[in-house]
Structure formats: structure tokens, C-alpha cells
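Two complexes, one shared chain (chain A), two partners (chain B, chain C).
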Partner chain A sequence: METLTEQDRANIGRTAAAPVLSVKNLQVQYAAESGNVTAVDDVSFDIGAGEVFGLAGESGCGKSTIANAVMRLLQTPAKITGGSIELAGRNLLDLGEEELRRTRWRDVAMVFQSAMNSLNPVMTIGDQIVDVFTTHERMPKKAARERAAELLKLVDISPDRLKSYPHQLSGGMRQRAVIAIALALKPSLLIMDEPTTALDVVVQQEIMHQIKELQQRLGFSILFITHDISLMVELSHRMAVMYAGKLVEVAPSKDMLENPLHPYTNALMGAFPPLTGPRVELTGLPDAPPNMAHPPTGCRFHPRCPLAIDECRTVAPPLLPKTVNHDAACLLVPGYVLPRERSRP
Partner chain B sequence: MSPARSTSPGRPETATAPLVQVRNLSKDYHLGSFPFRSTVRAVNDVSFDINHGEIVALVGESGSGKSTIARILARLEQPTGGQLIIGGQDIFATERRGASMKYRSKVQMVFQDPFGSLNPAHRIEHFLTRPLQLHGENDSPRALKLKLRELMATVGLGEQMLDRYPHQLSGGQRQRVAIARALAVEPEIILADEPTSMLDVSVRIGILNLMRKLRDERGVSMLYITHDLASARYIADTTMVMCAGDLVEGGESIELMAAPHHPYTQLLLSAVPDARRTQTVRPPKRDATARNTGRGNGERIALSESHWALKVPEPAA
Partner chain C sequence: MVFLLRRLGFYVIAFWACITLNFFLPRLMPGDPVSRMFSQVQSQMRPDQVDALRRLFGLDDRPLWEQYIAYIGKIFRGDMGISLSRFPSPVSEVIGSQIGWTLLLGGTSLIIAVILGNFLGILAAWRRGKFLDSVFPPLLIFVGSFPYFWLAMAALYLFGITLGWLPLSHAFSTGLSPSFSLKYINDVAAHLILPALTIVLVSIGGWMLGMRNTMIATTAEDYITMARAKGLRPARIMFQYAARNAMLPSVTSFGMSLGFVVGGALLTETVFAYPGIGYQLLTSVQALDYPLTQGIFLTITAAVLAANFLVDIIYVRLDPRVRVS
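Right after this comes the complex of A and B.
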């Protein structure tokens, strides 16, 4: 049984307090020669204050597209074609270029996949951090330098490193410097897109520990994207599993781990060999992620689903609450009842 | 390393002598030019065996020297010192520098990047026909077709894939083609350097299962190089841990991961993400562990019949 604190943690995103980020019915399309490809289809989720929300799924399922949509960084041929993204009550989709520029970094910051390579190689770390303060806060140089030193200390890097160039730091240090820069203006939401994929396990663990510590100390929310489910369960309070542009399951992380409802979640959980216990044969998934230009009809997972029944081919199951805090989109989940189809006049 | 272990059921009989014997292998890389020359010892006095039909995993972080060992075994690099004995033959002493056809038909490689290792201008059929023609007997077109079909079936791909180009295949399918290509010459050992790290999580297990199947059904030995300890535990009979050029611990995979002895192995294991752990553990600072403790005298402690670790030198007073 879950302890009360676990429950509280799980409830963070659902409390009456307004969420930090509220994504509603988001749809993103990529224009292609053969027609529009819907990469993100009717995705809705909230992230509460101080909540770490994970987004898991295979490559190409649309998770990075969501991150870029929240940052409003999508470029043609990608286009947000529906829904809303509210950050602290403001719809980001209504903002003009100038307002966006002010929102990015101050309210929402992002750490990219190979972030350690996103540092400018011909500028010292110090100058790059100072840049943030002088540009966004119009802070005098001297004060900015002091803030930069504090910021580096925050991520356990000695302030002498302000004078170092990126190539003089190790990969893990660079990644921490990038996280420091992202947190410079105390954003309420930090988006991390596979922040540790390029790093070794030991360094990854160091960084993850650091992020968790900072998050608890500073109280920002995190949208955490990764394909490593174990890592996600370790770090996040709540998580969503995404498949072919749609969310298929949303639940508190521990709940998702112990009681996955969707067959796809189950398959993802079963894709990681354990470090303890007997050696058991794992199955993984058949090797055929869907072509998003022609997504399968009905439930998009049905061609790879070991449990699919005839109805799965025709009925697209919406994401519905199964138990408190635990939503799933699958016809086979016990007790799953489709909302009655709207009667047409 | 370990004395000949009793064979587990389902695997072909183990011949008495190990298939591969690596003895005191070292590799130095020279950096820079005069007067700033320096030498990096990438592999330091490494010895291990690979038995017939055994999967041996070599784990460690980037830069630990594990890929260098694979490259030496593949004869893409010349070692600075030591012996490589395959099937009783001292390879570097008896064969001239570079690769011979005979060697290649015994030892094959599967690389990390299935996107880069297949020439985009050729159909899948080409990748499998070439090794068959180069290494095999002169097969009639009909016998060749039969062999191709069988190879594809072994790696779990349909025959219709033979007409496709690499870009029409997914990453997992491409890696299967790379494995089929290695299998075409019926090698005794496959060196697999991080074969799953560029694949999507959901299809990694499929490749690992295929490697297991090849060992069980064909008795192919494998050296599996990875930084993913869980996958090493999943498929490898024996796991060896490498740290900064040294082999620091080795043993039966499950036993080793249940009771890691060397501080570096403990560090690596503690860093693996574990969904069931409630609190992230902060790994101990590196200097406190093996990396900077300096090299011992290479003395090994036997922890059990199938598990040993390098003796950690006492910290200097």
C-alpha cells in the first residue's frame, strides 16, 4: 500500500492550485509532400508546482515535439494546429515573438539532448552565464559575474572554472554548467529532453542526483523526457507514456511501475533486463514502429499488441481515468468503458 | 580466467581448450609530437579466455579500453604486447600484420552503428552475398539463394527484405542484417561492440535474444562489449569489468553482480538506474574509488571458482 507521503506526491499535479503548465488537446503537424503528418495528436496534461513529470516513449513518438512546442521552438514544416499550452495561466500560443523571447528562459528553460555540445566553444563558461544576466536582466557586468559564480557553485563546480572554456571541462561538468545556465533566471518550469543519454552511467547518476537536489531546493517543475523508464521512475512523481503521437497512459510513477495498465507500457517496462533476481526471458516488442504518415486505424498500438482483439482495429480508445490518478487508453483494461458515442441528429 | 566450467545444458559441448586465450595484452597510444609526446596506456596487461559457445561481456565506461580490446581481437589494431591465441594458434606471432581471410572467417564483428555500417547504395542481398562469395565455396546461384534465405530466417527477417535498401529498414532490422552478415561466414566468434546502444529500448531486447539464440543453437561464442550492466547480466555467461585499461573483476555474470568485490564494480552497479529504488543514491566521488587508486601489481584474488577481482592496492600513507 502506498504511504501517505507517496499519495501526496502523486497528488501534487492534481491539487486545486493552478498547474504551472497546462497542455490541452495539443496537436502538432508536420507538412510533408504526401500530406500532413500528425506527430502529436490531442495530447493533454498538467504539471503542478514542484512536480517532476516524465514523458516516456520510443523515438519518433512525438515526445521531443511536445517539448519544442512548449518552448515554441517548432520551425516549419512543423506547425501547432490545435489546442493550447498555458504556462502560469498564459496561453503561449497567443504570444508574439518579443513576448516569447522574454518568457523563454525566465519562465521556462530547456536542457537539450546533447546540451553539453550546445555551449559556445570560443567563449568561457563565465561569459556565457554572464550573457544570460546582462541580456535578460540588464544586470551590470560585475554583479552578473558574482551571480555566475554562485550559479556554478549551485551545481558543484568551482567558481575558478568561470574562466574555463567548454573543452577544458569533462562531459558531465559541461552538462552541469548547461543546467546551471538553464536555471539562471529561476524559471518555474525546466524542460529536459534526454539530458543524460550521451553520458556514462556513473556521470548520469551524478547529474540526476544533482537535478533532484536542485529541484527540491528551488521548487521548480520539470518536464522530463527520456526513453529510459527506470531512470524516469526514479526521478519523476508522475509520468505519461506516449505512443505514436498520443498519450496512452498517465499515472504516478510508482503506480505505473507496479501496475501498468496499457500493454504498451507493459512492454516498455519489460524491455529492461533486471539487475537482480533470476534470469528470465524478456520479449520486448516486435520491430515495427508505426509509420506516422499512415498511422494504424483504431488503437495505434494494435499491430504490435500481443493482446489485440478485433475491436482494437476499429475503435480508437480515448485516454480515460481507470482509477484515481491513473488514466489509460486501452479497450482491454478491465472496467474500461468507452463514453457513449454522441448520437447524431 | 576461470578454470573450465562445467557446461550448462543446451549448449554445445565445450572443448577442453578455450576458443580464445588473451594473455597479457597491452596497447599504448602515442599522443602529440616532440617535445610534447605522451603515452596513454589504453589496455594494461589484460588476460582472459572465451570458451566455445560462451558469451563474455566486457563492461566499463567510455575510455576504459573495452573497444580497444575488441579492435585488437578484430585485428584492426596491433597490440603493444601480449598474445592472442585462437584455436591454439598464436595469432600475432604466426600471422603477418593485418587481416587474413582465414582469420576473418573465424572472427567477425558487429558494430555499434547500424546506420553507418551498411552501405546505403546496396540492397540487403548484396551485404549477405558478398561474404558468402568471398569466403564460401563457389555456390551455384540456387544454393546461394537458399543460404540467403536461411540466414535471413536465422536473424528473424523475412525474405522480401533482401530487395530493400538499408534506409527502408528500421534500426533494429538493420542491426539484424549486420548480424546476418557476420554469420554468413560461419564464424566461431562474433565481436559485438555496443550492438544495441543506438537502438530504441523496445527493440534492444530482440537483438539480445537473437544473440542468445545464436549461442544456444549454433554455439557461436561472443565478446559482448557494453556499458549496460543489466544487459550483460541478461545474456552473458561471464562478465568482465574494465576500468582505465585494467580488467578489475570477472566472473559468472549473476554471481558477480550479486556480490561485486572491486570498488569500481560496486560504483558502476550503484549507478545503474533502478526503478525500484526510492531515493537516488549519490555515487561516491570518483577519487575515492578505483580510478585514482593507482595500479596494483595485477594480483588477482579468487573469490570463488568462477569469480575473481583485482587486488586493490592499499592507499599510500
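Right after this comes the complex of A and C.
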């Protein structure tokens, strides 16, 4: 596992003055016959320039929905029903179709989970890179082809591969090609939705290494989504843990790993074996995540929480700062009193 | 290339199997056409006359394998025997005189139905649940489920008789002789409209629905989401990313239909008194014209195989995954 550099440490938890991405009170609902299901509920977070922000949680907790909401890729029955998504100071939710099309990929690009399926099987890799340039920059084909070759070199793929079709590439290569396509227009934010889930561990490490290197070289921000906590701690500066559509804890990754405050985060950390050190007994969580059509009252985690008290059943805990730069949504974690609240009568 | 050669080999074998079946099937049936055909007049014919006819039709007493080899040799020389009902025209000549009209009618209506149907299917899937998608498929299926002859006669009655816009029957007006003049071509086109239109009307729904369904499945693919995320223009995503992939099954059905075009469109030919293979096949069967029936079957088989090979070639161009490196 790679350790964080001094520079990284200094950046930890620090949100730049003007965040690249600022999500505020985001709410996403899926329309169902039995009524609307709120998949993302009142989620707010900022991502600073050059920051890698991780989003972790079980399957179905709403991570990918957030990613797709930021790209505005959600389709019916999913609908953004509240909040704002500001990218470089512009609210993406206010953009019309054509403005949105221009913004996509130029300001925010996305690497999808399934490398196998995110490339068009009947187009060459080259053509799929070239069409980004010809569409967004009106670049002539020849120049676009040269840029495409450079991009492939950036991710260590031989430019000969421009003429290859996706099925002629290995899974890892395909995912690297997708990363190359994502970086084509040098976006300020890259969303990575479980970019290595479909790959084996060795290839996964190679890709993660490459992403980290590219991020440091090019300085873009990353919204990194995974359910693999160890991978996330390795890559991201700050991370958020999500449960049943809500953020339950936000903290610098190191801090989160060493000192998780929320019982759910605690359980997540306990479910992963440490790579080094003595063997420890792994602990899991009983039961399955809640049915989002009828989320539990109060704290959504209370039915599975080993520490739940009566109040947890009725009071929904807000996400509050508990220590410096460390927010959690739990009634049991003693609160950190904000300075401005201290001065109130 | 290797792939195409292998396919070609397969079609050669398939064609050989067809010739063989075509040869043996009628010979396995009891009786022979000459005795049946001339059963009424047999009493008036001398045995040596009957014998001469048998030999003329290739019904000799040589061993079966000798006949078989002779038959294959003849097929490759384009000699499919002599038609009994159109005696003494050779079968190849009878088919040759009809096949042009069949190809014109079948080809035109198939190409129009495929292009229009697929295009409507693409649009309907792309704007799923909107006007085009909710009105056209049920409407076209409704039209398509009319008995064809009823629809054809209704069209004939409306456009041919009541409105008098279009000619009632035949492939061109009597009195005109085939030539490459504008007048003749216009006349042929005018005669083609009604038969082709009715075929298009009944077949377009299937093409549209097929394309719509594949297209809907394709638009759920991850590469479509990625294309949208890339900020590509909607038209490019719709055609280059979605339709380009969704059309693959359609190409296969197109190949099948293309082969069967050669079989003619019996009902159309009957209602519009249009010349063609379909009607020819019917009369040949009714007249117990074995050589002609066999000749038409063989032509249809060859056409189906050729069309399939053509589709294989197109498919290699369209889907890189088929290419074996």
C-alpha cells in the first residue's frame, strides 16, 4: 500500500476556497408504482481543486446515483428533485440540453464501472477518442487522430491500438482506454464509478497506480466511488461513507480509517482484512440494507446498529462536525460544538 | 478472409445438399409425371410415343446414380430440363422470363419496407413513449394483420377503380413493348406502385417493431450512457452508437427475406395480375410440371444461399467481432 506524501497530508481535509464541485442538499427520487423512492437524500459535499474525494457504501446505497446525477445522466424513472450541483460556479441543474452537452466531458468526465461495456463494440478505439475532439473542439480528423495517439501513450497503450476494436483489447487495456478518453479534454473533475470492479486484483493495482500518477501530473479532481475501502483509503484524500441514501460520515481518509466515528463506518472497516499486521477477526454486519421504498424512521442505520438506543428510532441525526474536519451523523457520537454556536446565547 | 472462405465452403455444401434433395424427392414419389399427365390421352398414344416423351423429360430407365450425375452436370450447365406445361420451352427460359418482374417487385418493396421500417423503429425507440412510438407500431401491426388479398383488393378498388389514379393490372400497359424509353420506364413504375405499396404496408410493421425492440435494448447499454456522457450530439449517438449496433439482427432478417424474394409474391401477383415466379410456381404445381417446379425450387434455394452469403460479407464489414483474426 502506498503511503501519502507530506504534500498529501497537508492537503488532507482542506477544501479549497473555490471548490471544483459543490453538491448541496441533493435529492434524487426514483418514481415507482408504489410511490417515489428517495435514493439520495439531502446529500451535500464539496470537492476542492486537485482533491480526490471518495464515496463509499454498500451496493444500492445511492453512490452511483450521485455520480450519474453529477453527470446529469439520470433517466426516467430517476429524477433530481432537489438541491444544487455546482461545477466551477455553475449550477448544472440550470443548464439546458445543449449547454449540458457542451459541458459534459469538457468540465466533468466519467469512467464507468464496466470497462467491458462502455466502449462501442463496432467502432475502433481511435474513432471513439477522435469523436470527442471533433465534437467538442471541431478539430479536423487528422489532428484529432494525433491527439488520440498521444492520449493512448499517456495511459501506456501503444498508438497502434487506435485501429483496434474493443474486443481485441484486454479488460485492463479497455479500462485504460476509457481513462484516456475521459482525460481527452482535460476536465477539472473526473468521476470514477467503481473503475476497477470488473478487473482482477493485479490489473486493478496497475490501474489505480496509473490513475494516481495521472492525477498528480495533471491535477484534476476525482470523485471516486467504490465499495472497496482499502482501495479508497489508498487513493483519496477525503472520503464520505454513505448509507441508505444519506452521508453518515465525512472525514480525511486517514482519519476515517484510524478513527471512524459512525457505527456503520466502524462496521465497514471491520469487514476488511488489513493487508499488513497480525490477523484479526473480521466482523460483518447482520441483515441486509434497508428497503429504500420504506426506509427506517429516525436514524436509517438503527435496525442494524449494535449500539442503537431508543432515540435512534425516532430522531434522524444530522451530519454534524464532530471533530476538526470530521463530520458524522450519529446521536451517540459526542458533538463538536461549532465556534459560532458557542458564541450564541 | 478465412472466415468468408469457410462460409463459402459451407454454402457450396448446402447447395449440393439441395440439389440432391431436389433430385431424389420427386423420384421417391410413386408414379411418374408422364403417366399421370397423359393418363387421359394414354389410350390414344402408342407405347413408343410415351417412351419418347419419357426420354425427353429425362425419365429414363438408367440406374438412379447415373441419372443423378447427369442431373448435376445439367444443373451446372444451366439446363433444368423442359417445362411440361409450357412445352417445349426450357425451364430456364420460363423462369428467366418471370424472374425480372419478381425481382423488381419483391426487391423494391423489400428495400422500401426495410429502410422505412428500420428508420421508424430507430426513431420510435429513441423517443420512446412519444407520439411516433405510441401510434405507429399498433397502427402498422393493425394494417399488417389484415388478410393480404383483402387489403390488396381494397387498395385496387380505391386507387385503381374509384380514384382511377393507378393502373389495375399487369406490369406494363398493353401495346407498349419493353424498351429503355422514359415512357416505358414511367409506365412500369406506375404499374409497380400499387403492388409494391400493399406489400410494404403489410410488412413494414414487423421491421419497425423488430428494430424498435433491439434499439431499446441497445440504448440501455453502457456505451450509450458513455456516449451521452461524452457530450456527443444526439443524432450521432442515435445512429453511430445505438442504431449501428441495433441494426445487426435486422441485417440478418434482411438477408433471409432477400433470398425469399425470388420465390415471388403469389397473392400480389394474383390480385394485380402481375407477372412473377409465385404465380408460375402455382401453375406449375397444378399442371404437374415437375421440371418447372423443381427448377423454381432450385432457383429459390440458390437465391436464399446467395443472399445469406451476401449477408455474411456485409456482416463482416458491420461487426468487427465476427472477423476472426
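Quick note on the criterion: the second predicted complex is superposed on the first by the 311 of 345 C-alpha atoms of A that agree within 3 Å, B and C clash if a C-alpha of one lies under 4 Å from a C-alpha of the other, contacts with A are read in each partner's own complex, and residues count from 1 in each chain.
Everything below uses one rule, namely that a residue touches a chain if its C-beta (ideal position, glycine included) is under 8 Å from a C-beta of that chain, and two chains touch if they have at least 3 such contacts.
The structure presented is a predicted model; accordingly, all values stated were derived computationally and were not measured.
Colleague: One more residue to check, A:Met71. First (chain B), second (chain C), both or neither?
Modeller: Only chain C is touched by A:Met71; chain B is not.
Colleague: Report for A:Thr103: first if it touches chain B alone, second if chain C alone, otherwise both or neither.
Modeller: Only chain C is touched by A:Thr103; chain B is not.
Colleague: What is the contact status of A:Glu234 with respect to chain B (first) and chain C (second): first, second, both, or neither?
Modeller: A:Glu234: touches chain B, not chain C.
Colleague: After superposition on the shared chain, which partner residues are touched by A:Lys79: those of chain B (first), chain C (second), both, or neither?
Modeller: After superposition on chain A, A:Lys79 lies in contact with neither partner.
Colleague: Between chain B (first) and chain C (second), which, if any, makes contact with A:Ala271: first, second, both or neither?
Modeller: The first partner, chain B, only.
Colleague: Classify the contacts of A:Asn120 with the two partner chains as first (chain B alone), second (chain C alone), both, or neither.
Modeller: second
Colleague: Should A:Arg161 be classified as contacting the first partner (chain B), the second (chain C), both, or neither?
Modeller: In the superposition, A:Arg161 contacts neither chain B nor chain C.
Colleague: Between chain B (first) and chain C (second), which does A:Lys24 come into contact with in this model arrangement: first, second, both, or neither?
Modeller: Neither chain B nor chain C is touched by A:Lys24.
Colleague: Enumerate the residues of chain A that count as touching chain B in its complex and touching chain C in the other.
Modeller: In the superposed arrangement, which is not itself an observed complex, chain A uses no residue for both chain B and chain C.
Colleague: Can you list the residues on chain A that touch chain B in the complex?
Modeller: Touch list, chain A to chain B: 58-59, 200-202, 204-206, 208-209, 212, 227-231, 233-235, 257, 267-268, 270-276, 279, 281-289.
Colleague: Taking the complex as given, what residues does chain B use to touch chain A?
Modeller: That would be residues 61-62, 170, 172-173, 176, 200-206, 208-209, 227, 229-231, 233-234, 254, 257-258, 267-277, 280-283, 286 of chain B.
Colleague: Under the touch definition given earlier, write down the residues of chain C that touch chain A in their complex.
Modeller: 221-223, 225-234, 236, 240-241, 244-245, 318-321, 325
Colleague: Within their complex, state which residues of chain A touch chain C.
Modeller: 71, 73, 100-106, 109-110, 112-114, 117-123, 131-132, 135-136, 165, 167-168, 178, 181
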